[in-house]
Amino acid sequence: MPNEIIEGILEAIRLIFTFDPEVWGVIEVSFRVSLTSTFLAALVALPIGSFIGLRKFKGKNEITNLINTFMGFPPVVMGLLIYLLLSRNGPFGELGLLYSTSAMIIAQFLLAIPIIMGTAKAAIESVDPILKETVLSLGANERQLWWELIKHSKKSIIAGFLVAFGQAISEVGAVIIVGGNIRWETRTFTTSIVLQTRMGEFGMAIALGVILISITFIVNYGLTRLQARVD
Amino acid sequence: MNLLEIRNIHKEYYKGDKSAIIVLSNINFSVKKGECFIIIGPNGSGKTTLLKLIGLLELPTFGQILYNNKNLINISRKEKVNYRRKFSFVRQKPVVRNTSVFNNIAYGLKVRGMRSIDYQEEVNEIIQFSGLKGMEKKNARSLSGGEMQRVAIAMNFVISPELYLLDEVSANLDSMNLKLLDDFIMRIKQDKEKTIIMSTHDPLEAIKYADRIAVLNNGQITQIGRPNEIFTAPKDEFTALFVGYENILYGLAELDKATGLSQIKINDLIITAASQQEGEVKVCIRPESIGIAKEPPKNTSYRNTFKGFIENIRELGNICHLIVRCQSEKFLITITELSRKNLKLEIDSEVFINFKATDVKIL
Amino acid sequence: MSSRRPLKEFVGDHKTAIILAIIIIVGGSVGTYFVIDYLNAQNPEKITLATTTSTYDSGLLDYLLPKFTEQTGIQIKVLSVGTGTAIQYGKDGNVDVILVHSRSREDDFVNASLGVGGVPYGIYRACVMYNDFIIVGHESNPANLHPGENIITVMTKLRDAIDNGNMTFYSRGDGSGTHSKELALWNLIGVDPETRWKNQPDKYSETGEGMGTTLLITYEDAEAAHEGYTIIDRGTWLSLFEQYTTLKILAESIVGENYLLNPYGVIPINPILYPHVKYVSVCRFVGFLTSPYGQDLIDAYRKNNQVLFHADFGTCDHDTACTTTADEITIWKPYQIEFADLTV
């Protein structure tokens, strides 16, 4: 087995530098889907999550519990739900979006929302209450306070984004159900690894795993550097 | 007309087990426009909470806060922001935003919708005044505690609010920053349109700035009055123990060319002080530094000698307080019970009081 | 002030506009994806095929489909899943055509009375090819199987070895074609393994995994007491056997017996039930598979120098456990003409 790992690493290097179209296609789909869904989720979840963190209102505890529950929502179940919704005999079947990257984006978008929402909420709530009072007493209205708190919790918010992205790119259950692992179209790192393992191509599977880990590492490193810079 | 009226304010917090801690109860007072109102009390007496309630940063459990006769409890979020923009709130331990000194100071103006080109001048002026010149671009969080407090003060003063709420701002300040704070407060006090509500646990500071003082103990106001009322006639033991006793006089100082000392005119009384100050001043003389005799003292080095009579005597165990009226002014004098008996001092006795020019403290 | 100042001021003064622009750009690009995917779904020249892992993982489709696309311009998206899932996808109308191997369920799929309101899910099933199943196990062979034994003997020996605790049988347990074939084989000797060895995973274990994984599990179970056996299609076996050195074929189909044969059928989804399916393109695809050209291609396909699939459209007989009716042969004839001039 260790031999296979070493061979896998060598194979990974070869695939990357020979610009193997299949591997680069998989990289492209994985990143397009994961980044788009995470960005889109951030666009929706960040304002809502931070707003929940900002205000005190009735039912806040219940909403918090709900978000926390959905943070651990099983991706496979999400995949199944989206399948049923997009299935031809389902409510959105007319769109014909099943087995497309759009379907994968929708599934991962919904999976990322509670993660980003929860971290944004927690980040806003963890800001020093004295800072909140100071900003308010300087005359900030709610929107200005919100923006100020966002700026102060940039680090945690980026961390939440990273977690959501990490989950999206390494997720397999939902994307294989709604994407269908179609070659050139909806095949991602993870679904490809599933396929290669099934076909007994362990070397290729390990190579893809190595590439996935390396690229995720680079992305994380970049974002962590950004995180350090925003301070 | 009163700018601010606090009516029957009550505030309690709930602990985890739902039991209530009463922080403030039955608070009533009003503040006039242009006044400097000081809340004095020990730590934990509820000063900060009271200021936060006025600053609309917290809600009272019940009671009313009237500003220009409008009740500020239960107003909309938007109105609350509008009222907060008329106030400023400086706290003892400042928190600055994680950005440059300049941006911190400009923030209050920015949130009020001013464009950056319009506030440059004002902000730079206040930076100059606060001695922060050259630090504009530094991150405010990298500054020392004193510098940070200066930024916090500048941040609030640049917005020029109607009402300043200052929560123990002088605590933990070094002499240089105290001087700066003094400059700021004096600058506000000159402007009759600006009102200050300030909390402190330092009696001298209260005497120095206050037009009126409220003494807060354990969530309740024990006494409200002018400084000389509070410091010469404390209503209860707590006030007496906490604030101590001071003779506080208001007069006009002139520099005497011959001696080089200030002559302070208080109606017909002229007090000499070891100072070169001129203009309207507030003077403090500690009761224990005033001497008393039945006969006019001879060959004394004391510059200040006045004739008066004993208006009142308060016996406090083995020491006692004498209230001596000299023309328009009353002086509080502390002597031991034994010397009072020896001197045969009774109510209406004619006496002479004297004190050194160096014991006259000009605030 | 540094040179960065003007930009910062610009950002500061136009914050709302910038945020709005970002939202529009992100929203717009996502919208574009959706529109592209929507249009692709409408494109009659792009069809979706659900098939079993055995046809896909063996590389057969990667070899066949480009030749079809080259000739017709029709692109095929392939979903490679178990037979049960492929049939379900077909029933949901999410694919245009299925290529599966479970004859009884295929018959149900085209049975009008089992469809929706008397309309069957699929129409005009056609035989395409067959391969065969084999039973593999460790060299030590605790069930004592011998080549040339008929299926009844093989299944009886397996049953007894399981009962005696000498081996473990690994079942896919996933409703795939292989799984249903396995159950049919047990049924020949009147055994229902799910009740007979219920809750006895050291005797009969359902992996719930694909063929490759199930084979791996079988390989790793090499304890002396109960060694692993499983049933596998020959195509998958040929692509994997080199890695599993201790596993070997212990039983396979013998002449005159069709129980271990594994016929594949192609079924278009019924356009009456699902009007959105691209029926015309699907018909050209079925025409391709069943044409002499397509059939020759299947016979010519080799993996590791081994024949994996045997074409059988229109030639099926009792031996391959597969029949295509005369009607179906007539139906597909016109669609095969397109490929008449092509040779391998």
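When the chains are written out, they are named A, B and C in that same order, and each has its own residue count from 1.
The definition used in the following text is that a contact is a pair of C-beta atoms (placed from the backbone, for glycine too) under 8 Å apart; a residue touches a chain by one contact, two chains touch by 3 or more.
Model, not experiment: these values are computed from the prediction.
Chain centres were defined as the mean of their Cα atoms; on that basis the chain farthest from chain A turns out to be B. Comparing per-chain C-alpha centres with the mean over every protein C-alpha atom, the closest match is chain A. Centre-to-centre spacing of chain A and chain C amounts to 31 Å, using the average Cα coordinate of each chain. Mean C-alpha positions place chain B and chain C at a centre distance of 87 Å. Chain A and chain B have Cα centroids separated by 57 Å. Multi-chain contact residues, meaning those touching two or more other chains, do not occur anywhere in chain B. Shared interface positions of chain C, defined as residues touching 2 or more other chains, are absent. Listing the residues of chain A that touch chain B in their complex gives 128, 130-131, 133-142, 144, 148, 151-152, 231.
Chain B makes touch with chain A in their complex at residues 52, 55, 57, 77-78, 81, 84-85, 87-89, 91, 93-98, 107-108, 111-112, 152, 155-156, 159, 165. For chain C in complex with chain A, the residues that touch the partner chain are 23, 26-27, 29-30, 33-34, 37-38, 40-42, 48, 53, 57, 62, 77-80, 92-94, 210-213, 239-240, 243, 274, 276.
Partner chain C is touched in their complex by these residues of chain A: 36, 39-40, 43, 87-90, 93-103, 105, 180-183, 185, 195, 197-200, 202.
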